[in-house]
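Consider the two complexes below, in which subunit A is the common component and subunit B and subunit C are the respective partners.
Entry: the complex of A and B
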């Protein structure tokens, strides 16, 4: 029923939209692998990249939009704008960055930029046509950030795909995420190694096409 | 007897928890709710909302929390709620009423409230005095 509703909404939107491309946001908590996935998608379809990645949280502190990514999958061609967003968080403490070896001043600057990045990511939520929510499959899926993003998409009847990332790590458990949010399409992937990425493209074509 | 007295003293010096009813929240606008939450949390209180915030209000709360974060001051909030539920009543669908049902939510200062484990139907958190 839910899937039928979303398809109906997508169909009505397509009927009325002109040449505007759907804007798809890549969301998730810090260090879930959002930029790694954005880089993978953009590289696969344009040969380019979106931004740098790092093991230090909040590496992406500005949303980056790549326009006109054309994905061909499942017999469908879909053109999208991909927006790689900064990691969403409810707390940012500069001391956490110092634990990664940063000096106090640098850590404070990064924390300030990170708060601005979160605000930007929240603002983008209002201007998207769909979301790929990246979750770290080695972590607890019930974070408030995940709950908030899913709640916003459901409230606005917008399509959502959950990418259960980092399945190349033995501790990963996409099943745990699936049982946490059974009402949503889930694709287990490794954005880093490209595992199962074709299935994600199929779902992107299905849900956002 | 002495032991009982000590226990009372400890609880008085502890952290205040405010349980806010659904009725009280229902009378407030989104901004009033968010302002109340941030003011209370910044004064080191922990709030338990009988019915939590809508997803849009949660997003706005995250946004305003980020604005208020300062180095060596306020580092943000810990917020935990259960996933919202969609109202499946046929009348709600026909008349286009908001179909999202919000749920119990706990909010506190990030340096005092820590979530230990969160599941679909159970939240375990600890409160620390700093």
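Entry: the complex of A and C
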């Protein structure tokens, strides 16, 4: 009887629920796979792409927004605006880009744009309803960027999902991230290969739907 | 401070009669000060101290600036400050100069004021 009541209540809730567009930001350090994930989500549900990816850090230097993505998962339909943001970093040095064969002038320009990109990414937080924090599961999760961002999301009471990316690489350890931030929902994924991406969609539907 | 005869390099304590009368060994009356060891520059120590100073100058969450321009193309970002504060303060080099972009600051605060006024209006 009680179960019936709960079902009836959730059915009524769904019936009167306003069709709200949730604005979700994809955040994380450089080279964690944010744009790869954004491309995967957008391609899976619309057939488009968001932006180019590269092994050189700070490829995404402007926030890119893709509107009206409808995700159907877990029996619910969620409408999302996805914002792919530039990688958050505490130090940007043009010498690092020159190591990839870039000329000094180009490397300096990239560093400047990447710095502006970090500021832009932070400003976007004001407008968001939730965040997917992408972390590289092959790297140590205890970084200043991860700790600062998670602390700030908690202070803002922003719903957060941690995507432990790159699980297609044998050295990946999502467990390490889980034990570092046990208070948050974590989904191990490979944005590149599409591994476990369905679980992420289920979680998006649960948290942001 | 001990003295040393510049000719035969014999050392004499400060204020001794030999310094006034001349070196009893060679008869020379020119002496030089011998610097005590602690006065000699210890390069290793200086390097160590410089290293600490550089560490202190690194951007910390408590640093006043949100972005530090070390050189053109080299930037340090204070994520904590950027996430918490709306205003951006630029630091130049090792934090010996700061820039506060007033236009942005005024714009931000006027927007905040507008928002508050709108809220007040809707309440009334």
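We take it that the second predicted complex is superposed on the first by the 189 of 209 C-alpha atoms of A that agree within 3 Å, B and C clash if a C-alpha of one lies under 4 Å from a C-alpha of the other, contacts with A are read in each partner's own complex, and residues count from 1 in each chain.
Just so we're on the same page, contacts are C-beta pairs under 8 Å (C-beta built on N, C-alpha and C of every residue); 3 or more make two chains touch, one makes a residue touch a chain.
Remember, it's a predicted structure, so these values are computed and weren't measured experimentally.
K.L.:
For the three-chain model obtained by superposing on subunit A, do subunit B and subunit C clash or fit?
P.N.:
When both complexes are placed onto subunit A, subunit B and subunit C end up clashing with one another.
K.L.:
According to the contact criterion defined above, which of subunit B and subunit C contacts more residues of subunit A?
P.N.:
Counting residues of subunit A touched by each partner, the higher count goes to B.
K.L.:
Per the contact definition in the header, classify A:142: touching subunit B only (first), subunit C only (second), both, or neither.
P.N.:
first
K.L.:
Could you tell me if A:181 is touching subunit B, subunit C, both of them or neither one (first, second, both, neither)?
P.N.:
first
K.L.:
Once chain A of both complexes is superposed, is A:24 in touch with subunit B (first), subunit C (second), both, or neither?
P.N.:
neither
K.L.:
With the two complexes superposed on chain A, say which partner A:53 touches: subunit B (first), subunit C (second), both, or neither.
P.N.:
Once the two structures are laid over each other on A, A:53 reaches no partner at all.
K.L.:
Should A:118 be classified as contacting the first partner (subunit B), the second (subunit C), both, or neither?
P.N.:
Both partners.
K.L.:
Looking at the overlay, does A:90 come into contact with subunit B only (first), subunit C only (second), both, or neither?
P.N.:
both
K.L.:
Please write out, lowest number first, the residues of subunit A touched by both subunit B and subunit C across the two complexes.
P.N.:
88-94, 108, 111-112, 115, 118-119, 122, 125, 144, 148, 152
K.L.:
Per the contact definition, I'd like the list of subunit A residues that touch subunit C in the complex.
P.N.:
88-95, 104, 107-108, 111-112, 115, 118-119, 122, 125, 144-145, 148-149, 152
K.L.:
Okay, in this complex, where on subunit B does subunit A touch?
P.N.:
54-56, 58-60, 62-63, 65-67, 69, 71, 75-84, 86, 98, 100, 110-111, 117-120
K.L.:
Considering only the defined contacts, which subunit A positions touch subunit B in the complex?
P.N.:
It comes out as residues 2, 88-94, 108, 111-112, 115-116, 118-119, 122-123, 125, 140, 142-144, 147-148, 150-152, 154-155, 179-181.
K.L.:
If we count contacts the way the header does, which residues on subunit C are in touch with subunit A in the complex?
P.N.:
Against subunit A, subunit C makes touches at 59, 61, 67, 72-80, 82-84, 88.
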